[in-house]
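Here is the structure we will look at, set down as structure tokens.
Note that the chains are named A, B and C in the order they appear, and that numbering of residues resets to 1 at the start of each chain.
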Amino acid sequence: MTRTTTAVRPIAAACAALCLVAGTASADVTVISFGGTNQKAQEKAFYQPYTKTTGGKIVAGEYNGEQAKIKAMVEAKNVTWDVVEVESPELARGCEEGLYEKLDMGKIGPKADFVPAALSECGIGIFVWSTVLAYNGDTLKNAPASWNDFWDLKKFPGKRGMRKGAKFTLEFALLADGVKPEDVYKTLGTKAGADRAFKKLDQIKSNIQWWEAGAQPPQLLAAGDVVMSTAYNGRIATAQKEGKNLKIVWTNNIYDFDSWGIPVGTPNKEEAYKFIAFASKPENQKVFAGEIPYGPTNVKGTALVDKAIVPQLPTAPQNMKGALASNTQFWVEHGEDLEQRFNAWAAK
Amino acid sequence: MSTPSTLTMPEAITAETPMSLKEQLARAERLKKLKYGALILPLVLFLVLTFIWPIAALLKRSIDNPEIVSAFPATSELLRQWDGKNAPPDAVFAAFADEIVQHKGSPVFAAAAKRLNMELPGFRSLMMKTARALPPTAGASAREALVEADPRWEEPATWQYLARNASPYTARYLLASVDRKYDDAGNVVQADADEAIYVNVFARTFGMSAIVTAFCLLLGFPLAYLMATQPPRIANVLMIFVVLPFWTSILVRVAAWLVLLQSEGLVNKALMLFGLIDQPLELVFNSTGVYIAMVHILLPFMILPLYSVMKGISPSYVRAAVSLGCPPIRSFWKVYFPLALPGVGAGCLLVFILCMGYYITPALLGSPKEQMASYFVAFYTNQTINWGMAAALSAILFAATLVLYIVYTKLVGGQDMAARAR
Amino acid sequence: MIATYATPLERVWHYAFRAICGLVLVFLMLPILVIAPLSFNADSFLLYPMSGFSFKWYEEFLTSPAWRQAFMNSCIVSPFATLLAMALGTPAAVGLARIEFPGKALLTSILISPMVVPVVIVGVATYLVFAPIGLSGSYLGLIIVHAALGVPFVLTTVTATLQGFDFNLVRAAASLGANPLTTFFRVTLPLVAPGVISGGLFAFGTSFDEVVVTLFLAGPEQSTLPRQMFAGIRENISPTIAAVATILTILSTFMLITLEWLRRRSERLRSQGH
């Protein structure tokens, strides 16, 4: 027994030391975002300048939008994430469930500076992003023009990439089935409408290559694994910058905000606010849009954006035409149910 | 080892109080048990705290139903006495309105709304809407206020959802894991076709494990036999070929298979070079890729137990059978194989058990159609935060593992399992 | 090896059988042999033929903060998990070898069960229990669970070593006046050391390759090498993955060699003893 304790004691001490190290490290701001090029752009536009101007360090982490970790952290009152990039339905749901702080806009910036839709109770929009139809200009000679073409296996034989999840996949299915953009959510809200979307998806199911991370579609397209794919517009743009001949079809794209949220109970709330305020400044949002073409939420930031980039932004007027705004309320309501059904459907 | 060690020690003999030898023996034996038991105890405590307790807690979650009871304790109490046919009495309305006012905007309330939304999509916004309309304006009764907020509160069916979840335990998650659910009348019925997949998923889990096990046996048996019949020097070299992949990180092997099997990968290129195919075959992100990688990862777990048993079989048995006129194949089958059977059993069970719990390989190399039970546990834990469902699926997977593990330990004896795995 | 009186059919079978075994060996080794060269590929695709020779992916591994952090984390978690597993497993194995009691077989099976319980279950279970007490997203939580997963290996290898261990040596030492502690360190430990160390190596290997529990339990600050590889394979399979894979393979080869050396040493010691 004695030798067990003597053997364990140094370990316990070392562990305690480690925990201490981890504890002091959290005085920096931990910012969690969706990874890949999006995170790299944030690094350049937000993290590095933040460190340079304020001296505060940023611990950058990434996730795929799952809220389980945040929920567990908040419930445990052991919050190690200070600022999180969240999609709108998750933010709204998390706000209701008490996962995210109700934001005090006074600590961030004048309300009037922001696109009204970017402001919500618990979050402030970082940027507008869009899910578009993308294809490889080298492999596909005649260009697809709509979601209808996406479903057309005769004219465009081959695999298609889609995000593994109900959100947006079902909307695109209905759009391809001839539902008008303004009726999509009304239709999807009914049992018959959801059935219709899944039935439409059945048509191309065996030709779908599912992806989970935003970095995947450009790769799948470039490698020729798929002929077209749903994709985040920013990721396609970065691939274009790297010299890949990938093209975007803006017709009936779906756009949404990603927002900053602060998990309830973070010990670094003040620093979190400081970071959000910093990242929401027009000049920093401008740098971000230059790195990856997502539309700024700060109106003044929009004005600063390089003219050459504007046509690539989801917020450009020609791209907004026929675009569909993701319906947050709908996904708060039906998200769990439809995601579950989608998962069951995909696994069959 | 049965002689107590203290017997040789002088102090045991010169005990102060005269004791019979039997008593001394018993005492010494007790002392020894205490001493060595104390050596085992830290590990037992450690595993109870870090392994057994968490799993027990997880399994319990599969029947937990705390949301409604903790948000609306008084309402739950009253609803348990409700007949369920007509709209509940005023007291229920009053208690419910009270408790909504008390909890609205809190995580407890949101959790209850989420739980009810699970029963009926749309219930979340009904709850939020109702909460906004409360407390009742002066003079209005709780019933009026609720019905004013939404007429659905007049219907007994709406209250049924609350009533059915007004107890701290539920079988719903476990039922859902076997594609069953409660209907509106509270009977257990088949789940809707678009949600019923878990029977299928478990069948798939067992089916894939069986196929992987069969392939491992098919590939592993000849190699193990060869190793067992070679002189030690060659056998040792062969052993390195088996054990090196075993020691290589699973992720390394998955990455390597991805490189080999992709459409422009080496396997496809080789096949095309030899003119066997014109178009690259689809070898990853489907069942082919998953099977190839899983067999590769689990093959050493088949070969090692097979080898350890085969090494003990004297080649003279088969030789004797052959020399007595039995044809070689028949002698092998009648004489050698039965002797190797314990190894076959141990290897197959081990591979099957390990395969059942696999998550990483199908997740990285398969499509949604190849995902096994583990994937769905992870899905419900992370994606939809439905921990009850994650727990229920875990419970079934755990039970299956447990049964096979018991068979396994009976077969090989728990102790030398890893020794064999070496 | 083939008998001179073998029939032609038997000869054919003899060689066919070896060919089959050869193919199985190729199947086993192929992935390991294929990935290493690609880590030196000059361009950014994991494809043959290689376009040129370059060390840049190793450079990327060594300079990228994410990979470096992951490597550091693995170097923190795995050794501590191993030490903990060894510290708990070794005495328990000695205890189990020395006494008989009802339910011993059952207890042993339970102590070994972390090896077979699906890791997803362990991951979710520990995550849900550890999170409320602040152990998720911490090194300590990860170390503890990795240790639990490694304990069965220490337990079984030490038990196996003890099966050939002559406890009369302990008795002899005691009767010659050595106190129990001295006996343990001077007599027992040197003899069971090969078992303890090889068990430790297994535990280390388990922890160093563990990804599922890490996925659930670790925060971004504790992301380990396998966790980083998992994300890399899923999202962006670049030659950096091949470089990491090569480094890990070299490491596992070293562990394997150490293990083999230990095995031989313990066999030698044992045969000397008798």
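Keep in mind that, in the parts below, a residue touches a chain if its C-beta (ideal position, glycine included) is under 8 Å from a C-beta of that chain, and two chains touch if they have at least 3 such contacts.
Just so we're clear, the structure is a prediction, and the values are computed from it rather than from any experiment.
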item: Per-chain CA centroid nearest to the all-protein CA mean; value: B
item: Chain of greatest Cα-centre distance to subunit C; value: A
item: Highest-count interface - the chain pair sharing the most C-beta contacts; value: B-C
item: Geometric centre distance via CA averages, subunit C-subunit A, whole Å; value: 37
item: Subunit A-subunit B separation of Cα centroids, rounded to whole Å; value: 31
item: Inter-centroid spacing, subunit C versus subunit B (mean Cα positions, whole Å); value: 22
item: Junction residues of subunit A - those touching two or more other chains; value: 4, 8, 69, 75
item: Per-residue overlap in subunit C, given as positions that touch at least 2 other chains; value: 88, 91, 127-128, 234, 237
item: Where subunit B touches two or more other chains at once, by residue number; value: 38-39, 42, 262, 264, 381-382
item: Sites on subunit B touched by subunit A in the complex; value: 38-39, 42, 105-107, 110-111, 113-114, 117-118, 121-122, 124-125, 128, 194-197, 200-201, 262-264, 285, 367-369, 371, 376, 379, 381-386
item: Subunit B partner contacts - residues on subunit C that touch it in the complex; value: 10, 17-18, 20-21, 24-25, 27-32, 34-35, 38, 46-48, 88-89, 91-92, 94-96, 98-99, 101, 105, 107-130, 144-145, 147-148, 151-153, 155-157, 159-160, 167, 170-171, 174-175, 198, 202, 205, 208-209, 211-212, 215-216, 226, 229-230, 233-234, 237, 241-242, 244-245, 248-249, 252-253, 255-256, 260
item: In the complex, subunit A residues that touch subunit B; value: 1, 4, 8, 66-69, 71, 75, 93, 96-99, 164, 195, 198, 209-210, 223-225, 329, 332-334, 336-337, 339-341, 343-348
item: In the complex, subunit A residues that touch subunit C; value: 2-4, 7-8, 11, 14-15, 18-19, 22, 25, 30, 32, 35-36, 59-63, 69, 72-73, 75-78, 80-81, 212-213, 215-216, 219
item: Subunit B to subunit C touching residues, read off their complex; value: 1, 5, 8-9, 32-33, 36-40, 42-44, 46-47, 50-55, 57-58, 61, 219-220, 222-223, 226, 238, 240-245, 247-260, 262, 264-266, 269, 296, 299-300, 328, 353-354, 356-360, 363-364, 373-374, 377-378, 381-382, 387, 390-391, 394, 397-398, 401, 405-406, 408-409, 413-419, 422
